[in-house]
Structures are given as C-alpha cells and as structure tokens.
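Scroll down for the structure; my scribbles are underneath it.
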C-alpha cells in the first residue's frame, strides 16, 4: 500500500485548531516574555524509541503556521523506521516560533507515530502470512483521517472510514432484521453499486448463510483458530475473510496462520501509546 | 477536587463534529437499510474491565443529537469506579438512533474513561503520600478540555491548560535567556498578577537559584529520589514541588515518598489505553 | 432502495447557513416593518407541476429555525408523486416567521424536488429493464449529500459520494499509469478491502482487459448500443456494467435495452430544473 | 455593468468546503494509488457548447488549494463568449493535483457558466430594448453571491441579494397589512434612507396607488403585455418598472417590447443547465 | 422606526462565541469549585444610570445556553428608558449558571445599551427638527448587526450595513474617477436597480453637480451651518441631505436646525460608553 | 511588560470575519464600479489626536487579505505615542484594495488604539507609584484577546483572561458558600497548582480573614483611600492588593497613593472612545 500525504486542505484546519487550543487567549506567555524576537535557533526532532514515523506534515505545518520563516528538513519521512537517536527532522528559524509550536507539533507527531509503530509491530508479527492488518472505527473523535493515515504509514490497511462508505452488518443489525438473510437482502437493496457489504458472523452456520448470499466480506468475530481455519476454507474464493476480537500483537501470528485475509484491531487507533520523540534544542 | 460537568456549550461542537466525521456524506448505510424507523430497542453500556468512568455527558449527547427521543439513564456517573459487568448507563429509544450513535458515544466514553482509569491507578499508587497526580500539555490535539476533565474524573489534578494560563520556564527558555535569573525576571515582568511562574530545574544548584527568585513552583526534572528528597527540603514553604520525567504507575510511589507536592505524567493523556466498555443490545 | 431521512445533525448547518445568507446583516426588512409580531397565518406548499417531492425536512427546519412555534404538517412526504394543485404541506404560525423563512424553505424544496423529479422521469423511462439510474459527482458545490438524497427520493441510486469511497479509474488515470493493467494493479494494492474498483473503458478490447483483472464494475463510456450489448454479454457475471456519456431521458430506454446494470447521468444533479412549488398564503 | 472579481476572502471558504466535500476522509483514492507524485501534466479546459464563461477564479483556486504549484493560464476570462472547442484556460502542474481538483473546479465553472449563459441568452433576446435582465432570490442555498456574480457575467443585473438590502412588498405583505398604502407607509417608516422600496402590484389600480405613494420601483406581476405597456406609461418618470412572472427566453422580447425597465427571471439561477466544459488531459 | 428583535439564528453564534471566549478550556473555575449544583438563586439586572436598554435577547440567551432551566423575566424590553434602580429583568435558576453566564450577558447588555443610550441622547437633542440620527460603518468588528440594532433601539436609524447594500461615493472615489460626474455615472452603470446612490460633497459647487446627476442622497461633509442651510435649500425635493463630520450631542441641535434630513455620527457605535447595568444577586 | 505581537493564527480569523461582515454578499459596490483595477494609490494612516497606537497587525492584515500585493510600511509600531499629524503607517498598492479594506482596517486600529490610549492615560496618572493598571473581563464580546493586547500596548497589565485561568471569588460566591473561609477552602481544593486565587473583600475584617487563608491576591472593592491604605499595610508581603470600583483617570492617582499593587478599571475596555486615526489618500 503506497503511503500518500493527506492534502494540506484536509490537515490545515486540524493544525490551526490545535494551535489555537494551546495558545488560548493570550498566547505563549513564557516564550513571549523571555525570548527576543530576533533570536534564531534550531531543534532536532529525535526518536527515543524504536518505531515508525507518521505525522511530519502536521508537525511541519504547526511550526509554519506560527512562523512561515521556519524551515523544516525531513530526514525520515512518514513510514520510516527509526530507533533511539535517529534524527527525524531538523527545524530552524526564530526561537520564539520553535518554542511556541513545539508541543503542538510533537503532539501530532508522537500520537500518529505511536499508531504507525503499533501497526508495524503487528504487521511484522504476521509477516509471511497473507493477512493484512486493518484498523477500525474505534478512533479518537475528530482525528479519524489522521489515524487511518497513520495505520497506512505503519504498513496496515484501512477498514471503513465511517458509517457511509461500506455496509458492515453486525449482530445487532441481524437481530433487528430477524435473521442474516433479511439483513443482507435489505442492505443490498438499499445501497449503491460501489458499496461493498460485509457481515459479521459468530458461527460457521452463520458463515455458510452469509456466503450463500454472496457478500463481499465476512467478519469472523471471536472465533477459535480452528473455526477460523475452517471458515477460511469455506470462504475461499467466495468472500474476503476478516478475523476480529481482541487480537493483540502476541496473538496475531496464530490468527494469521489460519489463513484469514484480514485481521482487524481496534487497539491500533484507540490504545496505541505514543512514540517517544523529543525535540532537542540547539541554541 | 470536585468533579464538575463541562458546560454543554463547550462539548456540543466536539460531539457534533465527531458524529459528522462518522456519518460522512451518506449517513449510516447499514442501519438505514436494515432497521425500520419505528423499531425500538435499548442498549446497556457495560464495563468489561475495572476502571473509572468519564465522558458520559458526551456519550449521552451523541445519542441525543442523533435522536432527541433517546433516553439515557446513568447508573454510574463520571468518576465512578466500575468492574466487569457493571452497568454504567442504559440507553433506550429508536433502534436506528442507538445503532448510528453508538460508536461515536463509545469512542468518547472509552477514551476518556481510559484516561480516568490510568489516572486513578497512579492516584491509588501514591495514596498515603501528599503528592497529587497531574497531567501535562501532551494531549490529543483538539481534545484538551476533555482529557483534562478525564484526569479530574480519575482523581488527578490539572497542570496548565495551555501556553497562556501560567508560565513554565523550561531548560530551553533558560538557555535562550542566558540563565535562570534572567529568564525568571523577564517572565515576572511580562505577565499579569494572576499568572503563576514555575521553572524547570535539573540540579539542586539551579533549584537554589530558582527558590531565591521566589517562583511559585519548581519542576524537578528527572531527578533521583535522593535529589528529589533534598529538593523537597530546600523548597519547603517556598515553592510547590513537581516531580517529572518518565514516571510510571510502578515508580510513582517511590517518587511520592520523596515528599513532592505533585507528580506530573504525560502518559495519562497521551498513552492511556481505552477502558473497555461495551454496548449490549437488547432488542 | 428505501428512502431514509438525513440526520438533523447533517442538514442543520446547511439550513442555518442558507437562512443567514438571506437574512444578511439586518434581517427581513420588509416583513419586520409591515407585519405585527402577533399576527398568525398559514401557508400551503402546493405543487404547480407534476413531479416528485424531496427536501421537506430542510424546508421544515428553515421555518422552525426562524420560529420554533411554527408547525408543519406534511401531506406528501419525500418521494411522493405530486401534480398541479397537490398540497405537499401546510405551515402555520406567526406570519412573520412564515414570510421570512419561506424563500429559503422553497429554495431547498424546489431544487431537491427538481432533482427527484428528473431522476424519476428517467427511472420511468427505463421501467421494465433492470438498469438502475445513478447520479455522479457533478453536483452543486456544498450540496452533495442533499442532491444524492434527492436522487434516491426520485427512485435512483447513488454512485460514489466522493473521491474517497470507491476507486474509479478514468482514461487519464490509465494514460498516466501507462496502461489499464498497471492502473488496476496499483489501485488494488493501494486501497482497503471494502473499496470497490470500477474502471472506465472506451472499447471492448479495454473491457476484456479490465474483466480479466477482476474489477468490480466497468464504466462503458460513450459506447454505441451495439457495443454496449456486447459489453454486457462479456461482463455477465464478472462485473457490474455502467453505461455513461450524455444519456438523456429520451435515450435512456434504448441504453437500458442493452442490458446494462446502471446508467449514470450527470444531468440529474447538475442541470435538473427546479420543481415549481408555490407557497399560497392564507391570512 | 462592469464585471468585477469577487474578493478571494469571499470565495475561498466556498472552494475549501467543496474540496473537502469531495475529498471526504480519505482523499482521492484512485489518483493517489495510481499516479506518481512527480508526474507532471496539463489539462485544457475547453468549451463544448456555445456560452459565456463564469467562475474561473473559483476553478483556479480549487486547483491551487490542492497544489499551489499548479499554474493556470486564462485565455477566456469570465464574461467571455465561447463556442465548442474554445480553450478557456490551461492548467499545468503535478498530475495528481490536476486529477484531484478537476471535478470540483469544473463543478463551479460549469454551474456558474451555465447561469451566465442562460442570462446572456435572455439579454440577447431583449437587445434593442432598454430592459435589463435581473435575477431573483431563487438561488441555490449557500451560493447566492456566486450565482448573482454569474448573472452579471452574462450581462444581467442583480435584484436584491437578500431580505435586508431592499424592501420588496409582496402580495402577502399587502394582505397582512390590510392594504397597499398601510404596507408602504409602514415600510417607509421602518427602514433607513438608503433602502429602496419596491412593491408588487397585480393590477393597474394597485399600480396607481403605489405610484401615488412614491415607491422606488414596482414589480408588475404576471401582467399581460397590454397591461404592462399601460403600466409603463403610468410609471414613466415616477418609478422603475419590473416585469415578472414565468418569463422565458422565448417570451422575453415581447415583454421587453412593452418598455419595462427590468425583467426578472428566477429561472436564471434556479434552473439554468450547466455549460458543458471539458477537461482535456495532456499527459 | 419599529424595533424588532433580531432572529435567534443571527444572534446565537455570537453568544456561543462569547461564552466560549470566557469559559476557555476549563470553564468557570471559581463557581464550579464553590457553588453546589443544586443551589438556586436569582439575580436582578438593574440600571445604575439613566439610559435606554438594548440587548436583552443576547443576555437572556447567554444565561440559557449555559443552563436552559434558567428563567428570565423582562420588565423593560429593548428600547425602554431606565433610570438608576430600574429593574430591567430578573433571572432565576441554578446559582452556578447565573454566576457563570453573568459577565457575558452583561457585556452584551451594557455595550448595546450604551449605544442605544448615546443614540437616544442625540435623538432627544434634535427633537422638534426633522433630522433623523443615523450611524455609520464605524462599528466594532464582528458586531455590526448588533450595534446597528442598538442604534434603532435608541431611536436612531441605520445607514449602510456594509459595502454592498448601497453606493456611497466618497472624496477618494471622486478623485480616482477624475471628477464627480464620472464617479456617479460609473456607479449608476454598475449597480442594480434597488441600490441607492449617495455622494459625499464638500462644497456647494460639488453639491450642485451631484444634484444635477440625480443622486438619491448627498453627504454634506464638515460644512458650516450656513452652507448646510443653503445645501438643504438646493437639495429640497431632489435628494436626501445628510450632515456629517464630528457632530456631537452638543452640536447636533444646531446642525438639525439647518433642516438636513439626516445627521450621521460614528461616535454612536465606535465610542459610546457602556450603560452601567448591575447584576444584584439574591441568594 | 514587553509588548509582543499576537500570532497571526490568532488574529486572522477575526480579520477575515470583519472583512466578510463589511463585504456582505456583493462586495464593495462603490469601489468596484468606479475604480479601475490597475489604478495604484497609497494612503497614509495619520493620527488626529494624541494617543497610543495598537492594532497595526490587524489593520495590515485587513489590507493584505483583500489584496496581497498591498504593501504596508509601519512608522509607529504598536505602543508608540502619537500626536496629531503623526504618520503611523503608509499603505500602497491597487487603489481598489485600499478603498475596500480601509474601513475594516481602521475599525480595528482606532478601537484598539483607543483602549491603548485610555490605558496610557491612567498609567501616566499613577506614574511614580508602584500601582500597575489592569483591565477586567468587561470586554467587547469576541474581542477579548485583542482588547487585552491593547491594554498591554498602553502600558497596562492584564487581569484574568477568562473564567478559567484564575480564581476570583466575588461577594456572591462568598454569600453562596456561606462565608469567606468556606469559599476559599473549596476553591483551593478544586483547582490546580498553577491557578492563583484572588478574593474580593469589602471590609478590613473580611480582608483579615482572607489573608489568614493565604490567598494570592485580594480585590479591595470600593474602599475609601483610608481603608485602602490600611489594607495595604495589612496585606504587605502576604498578598497582592488590587483596588477596584469605578476608578477613573481623575481618581487613579489618589488610589495609587494608597500603595496598592494594582488598580483595575473596566472602563479601559468597555468604554474607551476610539483614537481618531484618519486615512489620507494620495492618488
């Protein structure tokens, strides 16, 4: 999966908002009082852990919206692997702007790199298997586009971006509809031709029903490895198989070994810790 | 520290934005196609882990902005301790609205409860000591007010909310100013009478200098327990002491034992995993 | 395809914006100067042409945002067929609010009903064939969700809602990629498992290539009926077929007769005239 | 009437909004996956019909907000007459940006050029008469400034821009006020000295009343050519005369022949079909 | 001039914005910490000076957006004359909401009442003359609609609301155009039929020119009373006359005595002091 | 107190909003009709009164957002003292842009310079005393950051920026809490370590209580000079003292003579008249 930058028109409102959240009504009291306007400096964004970088465009924009004369040189673009002491980027210009924008820049960069890193660790765990690692809609409110991007930066793939770009029929939809068949048929009648339909199944019996109704993908929820393996055999050539349900980096390989196409993990976006990236000032 | 709800005028824009992010341009394709408009249901928001609840107002607002006829009954208000199977709230009304708003509601609730839970675990670890646990500006972009609130829900306290509500002189400010004295004096001259001044010190010598300049608080960065202890003695009655630097739940008690007033932990807001809260449908 | 209302959270910002655009900085000078605040009235929204209604929720919201005491009774909900003199809805309350909101309400209602009506006329033209009528991304800037909804109200289906919910490989993408195979392969590698891939083909040779690469849908651009027919045979059971290229209500039936699955028509959203709906005051 | 560009500060929010509507949460999946970042291209915006251009600033801004390195060369500025194959503008730069912004750019350009073209056709139909062609408040919600501009590009003039820049007393206002005199007197008392007052009249008797009350303009609604002619004679030198009521390009000349000053046509903005303008890629 | 309330859809965004500006990121620290959630109270908004009330809707909305259970009883609606100790409104409900919203409510109310009061004082000064008192575009950025409303509350009238609702040709326009005639002719050719044209003249010679060109109004800038008198005679029945130029309450009567139709005073909106209105708590 | 510019990211939304408020839906009718696009000019922003400049960045941005080719040369930066005929800045570029942006630019500049001037006059009145002049939360809705900045430009200091950056316990809080001690204790328990606590006292007895509870500052409300003097003695070295209550430039010196640390004056921001600054065109 190629990693492509998000258009500036998409990220700029988020960066402006984050800066304003930090500046409040009075701006950077500390820096403004202490640092002369003409003082120049540079800072080096440096990894302090092993991981994958994501979010440099946002970090750079944070600096440049505070002071357009700040220059950023990227050494490790998004998607790069870094280890402690790896210099990710250097940022130079007026010291005031560097100090004022630094926290906002790092908040984006560390958060998204954390997601990329978490993703990469699971991707690595399933290397050799065909399973792709995908994220879910369990994202931080307001940051979905960014977090999905970070998953791609870490080598993962994206599941649905929202309620409106694919159908995912869950257990409750099936219960309300009065059965898997009714649910799938209503969904198919209700959506456009470029909308795929995936259905969550808990048992192999349900899976058989879903496959007969020709869905695009099946979400195999909380199945045992044995059931997953059998499900994969049943679905072979008929539907994409996605394993789901509290899968961790530790268990991902055994799930991948069942032959599923996809492993979805909410944890990538809702609970990945940040990647520790520091800003080392050089004055 | 009393836990008070954030005014609706503050949270409503965030909830609207999160709903629109999930609804996209076409709304909830799955639910709209499958679920009849007059179908009623209820769902029970249930803890699946031990933890502390935070964010119920946001979750409730997510449901009610999708359908004002949905009713929410809260059993465990924000700040409550929950364990697996604890029912936090029941939500009932049109099934469509429940299904459409559920993910957004849970994204707020699980994220903020995760922060509250992480905070509470550190607060518990330092029980018996006077140290208060405080968060930092290392928050998720756009959610600072909410995450700071979640820290309070977990029994923690809040550090600065942004660059403009207190002065925090860091090592780089000191370096640029050419010394701790110059930095503090410039800061004092530059801010209003209701702005406190805290200064980061790395050594006891720096601490002595800062105390002489009569700052309100000192951030003792990455000091050993021994140095912390000595710092506390030196600062006694002269300045609030804050320990900082990669402190974890595991190490918090030993830091608290030094007698510091505050322990600040970025991890609470930037890396706390979600609290697992499920939505159990009853149809 | 079931017709479901758009959530209020999606339409409210559009209606507020439209009202403010009309109120400007001084509000409704004429009504404010002439009409007493306590004067009640009602108005009857009446069709003056044959057509299909769409947009009543927006019209109703326009009235109610100006004055929440205004009551709207809907006689012909969205999707209804109307003819001259059909009463679509009655609106009653303070005369001022009725007069102030009326134009904004009608601007939404007539525009969206015009699209629904245009769609329905083409849907009627292809009745008996399996072809579904779909719209395109040629929509009025800012109104895509609404216009896609109006197409559904008229019995049509929706194509992509934007650049991000499906892949549509056009001639220029193919040219840049250096061939249809490269384009499809790159796209497949680059997107998630719930994203369908459609490819535009101009010739049967291209079609053959595309089908071999197992795309979900093919857009048959500007083909003759004979070619379309042959294309349908070739694609049978392998890909959804979409005919496109300046198709009008007059030519739609002959296109549908070729057996294509879909006929896409930009005209539905970019050039449909309004449905003439009047507001007959009763004072 | 000179044609002047709308300030960028007015159009930029609309273009940003339209781009975001198309990019959604994931951006241009197709182009991002297929087109290399360094691939350059150009495209030629070419008329495919006779018409008048309007909206080039918006189209250009759409391209440049996606990629500021894209260059646009305008050959036919807004207000120009074009015919099939006329090159309106060339756009060159990174192929990705061209493909991503193209549809948004064309949606603005074709829609506004359609309005300009419709206006010009009516303006042409009344050439030789003094009547100016004016638009109404029947505009697409959110686009009024743009559509009024397009009317000017087509040689028409603008009526009120909203409820607050002039008084237009309609039949319902008169009915509520209890007569034309009361309505006019209340309006005059209620507005500032730079606000003109126009009143809608259905009969020559009403016209006489209105003229006696010294209004600035009279809207002659749905009158026969004979009545219009007589109305013009009566109003000569006393008030501006505006004919209104389902006037089409076909009937405009006969209305203009009555000597009215203005002919207002809602159709220009609410139902004009787009002008077909294509984007011919050159790779 | 009747005083009509501004629609809620116009004022709500301004009140929300003002509340958020005051609440910042953490809300009302003081009240939240001190006042119990169930504590009820009431407060009496009381004038402490002679003046005219304006802005009660904004004040009431500020309270109700903080807590919808707060009830406001208005005793002196906008436009009322008050004197020290006059109770303008009583506000009762949860004490927290009262304390949190109070400053924002009063900021609107005192500011707008100040403008109304200033206007009324000048209106009173010219009583007996026909001159109306009008405001200018010298308003506080972002508050023009409100401040123009306050002028009306004080018995004044409104001049242009912006650059787009009337033509006002100033000295610089005349200079650039190369003369008053060229300026007026170009303006007339460039605007719609419902746009009035006013021209600023400094001398009686210029006035004569302007009158010959049949403008709607003339702005007599900084003329002596004698010149104003003569100007009024010249313009009689030909154009509205507006006197302008550093007119104060003290000099207004002598200007009005010249017979001008309008006296415009920027001071009303840019420099009127607040009306002192207090909030007397009753606990 | 150093005067530092507000970051562009903070002021740009306010300037855009003000320009759009003035441009309305049709832009600058007068200038657009009269002034040729290629006509260049310059204008000189000149003081017409003695005062202090504030707001040049906003004025400059207003011009440049209308036309980025306009150049501004600042002769008297914010904080400068000016007298009649002092040239503050020259602005040159296309005449259209100058004329269109001029009023918005001046509205910011004159309003903020008015506040700076008012502040400076009080600062001058207390020269020789240690008292600093501070503003309050009685600001114009939406402009608090700017008005607080203007106070700094005039040599004053800033009090709280909102409800959330410091605790200020007022008489009503004390009454609700049932006494000054309860109020202070609850506040202290409820806020973070970087939040200062100030308490309003009306009597010396209350002051004594507050001082015993170790608050950071005391607001001495409406005390006589004698009481103020005694209060200062009591508070010496224990709390910052702030005098408040209808203090004017005329009375400020006598208040300052009591030895208080701060004098707060709402009038600076809510009632300061504009500084008269003209724009002298040079064509």
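We call the chains A, B, C, D, E and F, going by the order they appear; numbering starts again at 1 in every chain.
Keep in mind that, in the parts below, a contact is a pair of C-beta atoms (placed from the backbone, for glycine too) under 8 Å apart; a residue touches a chain by one contact, two chains touch by 3 or more.
All figures in this text were calculated on a predicted structure; none of them were measured in a lab.
Taken together, subunit C and subunit E share the touching chains A, B, D, F. Within the contact network of the assembly, the step distance from subunit B to subunit F comes to 1.
The chain with its CA mean position farthest from that of subunit B is D. Of all residue numbers used where subunit A meets subunit F, under half belong to both copies. The two sides are thus made of different residues. Put simply, the C-alpha centre of subunit B and that of subunit E have 44 angstrom between them.
Subunit A and subunit B have Cα centroids separated by 22 Å.
Averaging Cα coordinates per chain places subunit A and subunit C 32 Å apart. Chain contacts: subunit F has residues 2, 21, 23-27, 32-33, 100, 144, 158, 161-162, 164-166, 168, 186, 189-191, 195 touching two or more partner chains. Taken as a contact graph, the chains are fully connected, with every chain touching every other chain. Considering their complex, residues 2, 4, 6-10, 144-145, 148, 158, 161-162, 165 of subunit D touch subunit F. Of all residues in subunit B, only 21, 24-25 touch subunit D in the complex they form.
Looking at the complex, you find that subunit A touches subunit B at residues 14-15, 17-18, 21-36, 39, 41, 95, 99-100, 103-104, 106-108, 110-111, 114, 137-144, 161-173, 175-177, 182-183, 186-187, 189-191, 195, 267, 270-274, 281, 283. Of all residues in subunit A, only 1-2, 132, 134, 157-161, 164-166, 168, 186, 189-196, 198, 216-217, 240, 242, 261-262 touch subunit C in the complex they form. If you check the complex, the residues on subunit B that touch subunit C are 16, 19-20, 23-27, 32-33, 37, 65-66, 100.
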